[in-house]
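Heads up, the next two complexes both have subunit A, just with different partners, subunit B and then subunit C.
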Partner chain A sequence: MRTSARRLGGILGQILVFVSFFAAWELAVHVFGFKEVILPTPSATFVTMWAQRAYLLEHTWPTVIAILVGFGVAAVGGFVIAVGIAYSRWINEITYPFLVTAQVVPKIALAPLFLIWFGVGLLPKVVIAALIAFFPIVINTARGLNSVEPELVQFMRSLGASWWEIFFKISLPWALPYIFAAAKISMTLAVVGAVVGEFIASDVGLGYVVNYANITLETRVMFAGLLLLSLVGIALFLLVALVERYVLSWQPSVEAATPETM
Partner chain B sequence: MPNAPHISIQGLDVRYRTRAGWVTALEGLDLEVPPRSFVSVVGPSGCGKTTLLKVVSGILRPSRGRVLLDGAPLETLRLEGQVGFVFQRPLLLPWRTALDNVVLASEIVQKTVPRPVRAAEARRWLGITGLTGFEDRLPHELSGGMQQRVALSRALVFRPRILLMDEPFAALDEITREVLQGELLKIWSHIENTILFITHSISEAVLLSERVVVLSARPGRVLEILDIPFPRPRTEALRAEREFTELVEHIRGKLR
Partner chain C sequence: MRMKGVLVAFLAVTLAVTVMAGGARAADSVTLRLDWVIGSEHAPIYLALEKGFFREEGIDVRILAGEGSTVTVKLVGNKSNDFGYATADQALMAYAKGLPVVATAVVLQKSPSAIIFPKARPLTRLEDLYGKRLGTQIKSVVDKQWEAVARIQKIDRKRIKEIPSDRAIAASIANGNIDAGVAFFFNDGLQLEAKGMPMSWMLFSDLGLPMYSTSLLTHEDTIKEKPDLVRRFTRAFVKGWTYSKAHPEEALSLFLKANPNADPTYSRLKLPAVLSLTETPDTRQHGIGYSTRAGWEGMQKALLDMQLMDSPVDVSKVFTNEYLK
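And now, the complex of A and B:
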């Protein structure tokens, strides 16, 4: 009872922060008299969002698909590489410098190159999203797999457990909290990647909408697109958090570690 | 019931390499552990007690000497599933209930046994260790003592021939420790395992075991092997007896 009241208070507080932000924005536009092409009011942005809903929704799905496919490729690829790194010192040693280098290269700057390589369409978006999103998965999964108690592995070996049994019964579930922490980061990175791809190598998607509206100085549409992109990002993040909560329901700390509305 | 083996340790040397150079963990260790007996090893920290367990369980190869199980050299035997381990920490899987943590061991060792039978056996062991009613709790919902009871059930559920315990009660508070010591003795009277028990508590060793091996600081050498004469069943009351305190003092003198 008391905790649910506190929780409700927390949610109200969170809503209040957003409302205050939009109110301050609205007020600032009126007080300082910004031209609409520089900064439209949030109310005008919402009106535009509603008026252009068909156009915006049409461009939402390609973006969502690009994000999800990019994230999926990053998750599967990152997991496989992480298993290699966690279990083979040799793989770890030879691949680690390359992985770090690949992470350091500004992938956003590669987007024009991918336009040349893959043309306009889903592929360049997915490639950029996956490249940006896979690194946290690799690092965290490898660390999670390596964090298993050695005595537990020793005990399993003394029972005659095979590598696969130890992996699926002990190591993988042990690493899951790490993997989900990484998945949440990666999902937000995949959003960034997909949008960058759409800026440069796409004629569909919210990234394209934002970029096109920017060129044509339709700032209201641009803001509507940005707002929708944010909502998509939040929704996908919450999706991962929800799966995490279900899969790791045994974990006592999930409640405490995740903000209440998430 | 598993037939408890006679463990014979002969002239054991264990040396291993660290960054600082070669370390001798155990030197010239001879020890006879009769079948069904309860033998404790006491000694200062770093005297190679844990190393000894690793050698007996076949994880670590000795540099010299040998370990015989009923006369057969350890390395010629398939030890998998014949040794139960209890560590200082319970090391339970946090996503498995108490019952499923116990079942984990039989899942590996007794693959041919049907699942309901394994579950029933796990349930029986949780009953023996006093956890009836807690089968469906997750580890974080159990106290440290209860977690260690789960670990003990997990070590015994697949009927190993040998039970190796590495300071199993060291991390518990004194009251819980004494309760669990008493229960271990009760359980031991029902099972047919050979128990090798590592501890740094002299009184614990004297209370529980039939034979106490006193090891020196590194390199671990046998300082003395004492047979403990007290009849069974033993209870906490033993601690108050003069002979008990004399034995404890004798061992303490050896270790100084």
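And now, the complex of A and C:
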């Protein structure tokens, strides 16, 4: 009973932070007298979101698809590489410097070239999203797999368990909290990646809406698109958190070990 | 006695330094935001700087690279920069959205927007695009201009394979991904020419879309509060263009000196093309930068047709020839 009251208080607090943010924003626009084309008020932005809902929703789906596919590619690819890194010192040593280099290359700067290499449409968006999103998956999954207590593995071996059995019964479940922590970060990065792709090589999606509204000086539409994009990002983040809660329900330590996300 | 002499000398030097500093402070220090990354289309502005035209008017100017006219009009309309060099259509759109920018000199009288294509695969009329791949810039106003041109010329756009190629028109043509592109002819077109691919183009301004282009802008308040500064700045700015038109070689060499990283071949091709856009019957009569109410009204009508503006504004508030005198 007491915990649920505390939870309710927490949720109210979270809402309060958002409300204060929007209130401060609204106030700042009025106090400093910003022109709407420079910074619209949140209330005007919400009105625009509603008025343009058909246009905005039409462009939401392509973005969601690009994010999910990009995230999926990053998750699968990152997982495979991570297994290699975790189980082979050789793979670890030869790939690590390259992975770090690939991570620090600013992919955004490459985006205009992606247009030429991959054309227009889903592909360049997915490539950028996957490239930006996969690093945390690789690092965290490898770390999770390596964190298994060696005694446990030795014990399983002494019982005659195969590599696969050890992997699926011990190592993978052990690594799951790490993987989910990474997945949450990667999902938010995939949002950034998909939007970068849409900025350059797309005629659909919220990234396109934001960019186009910037050029036609429709700043209200630009902010409506940005806000919707944030909502999409939050929803996908919560989706990962929800899957995590379901998958890791057997593990009581999850709640305590990872920061509360909902 | 000697100490006294040193003291007098010291005081004299101090006084001189103070006077000089005071003199320097008296110069107006302003910023000028360009429309795009620095290129030889800005050579006349560098000429005005290097030859001291601004200094003669008591102005100390800092030139800043731009990120597209749409950003420049916001920076000027928000008074983040004192002056801006951006396209007239963006200035008009910005004014309609409540950013009070005013053009004091319309330098490029014709829009450089065009359909560009390699001479090896020539087009003679727009209908030749049917069945071909046309690179468009969907995140730019030039795409809307292309829509308008297609409408005016009764072109069936469904018969053209339009491929979004933002910021990559030149590269896509070089790569063979597209047959032609919608672009500023003096940017992508001449870039390819500089790389050894002979290019040709059809200007939108010759296809029934009259548009003033890059202009000197400032804020309405600056005109109200410091009309003298606006007058002196505009004078020095236009003088740079007039002088460059008479001495293009000097403009080019001063530009290359100020921007040693610029590609000399491309810069050499671009400058005369840009200078040719400054000349119309109006400017031959009234000088570089002069624009007419009819010209602005025509552009406004086109912008309304393109749905880039919701309702018309009084164009006489967005431009003035007052400071060209």
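Everything below uses one rule, namely that the second predicted complex is superposed on the first by the 255 of 262 C-alpha atoms of A that agree within 3 Å, B and C clash if a C-alpha of one lies under 4 Å from a C-alpha of the other, contacts with A are read in each partner's own complex, and residues count from 1 in each chain.
In this section, a contact is a pair of C-beta atoms (placed from the backbone, for glycine too) under 8 Å apart; a residue touches a chain by one contact, two chains touch by 3 or more.
The shown structure was predicted, so the numbers you read here are calculated from the model rather than taken from an experiment.
Q: A:Asn214 in the overlay: touching subunit B, subunit C, both, or neither? Say first, second, both or neither.
A: Second partner only.
Q: Check the residue A:Thr63 against both partner chains and state whether it touches subunit B (first), subunit C (second), both, or neither.
A: Touch status of A:Thr63: no partner.
Q: In the superposed arrangement, which partner chain does A:Val120 touch: subunit B (first), subunit C (second), both, or neither?
A: second
Q: Contacts for A:Lys169 in the overlay, against subunit B (first) and subunit C (second): which applies, first, second, both or neither?
A: Once the two structures are laid over each other on A, A:Lys169 reaches subunit B alone.
Q: First (subunit B), second (subunit C), both or neither: which does A:Thr41 touch?
A: neither
Q: Considering only the touch criterion stated at the top, classify A:Ser202 as touching first (subunit B), second (subunit C), both, or neither.
A: second
Q: Enumerate the contact residues on subunit A facing subunit B in the complex.
A: Touching subunit B from subunit A are residues 149, 151-152, 154-161, 165, 169-170, 173-174, 248, 250-252.
Q: What residues on subunit A touch subunit C, complex-wise?
A: Counting only subunit A, the residues touching subunit C are 35-38, 112-113, 115-116, 119-120, 199-203, 208, 211-212, 214-217, 219.
Q: Taking the complex as given, what residues does subunit B use to touch subunit A?
A: Per the stated touch rule, the residues are 57-59, 79-81, 83, 85, 87, 89, 91, 93-96, 104-105, 107-109, 138, 140, 158.
Q: For subunit C, which residues are in contact with subunit A within the complex?
A: 68, 70, 73-74, 77-78, 90, 93-94, 97-99, 138-141, 163-168, 171-172, 175, 177, 308
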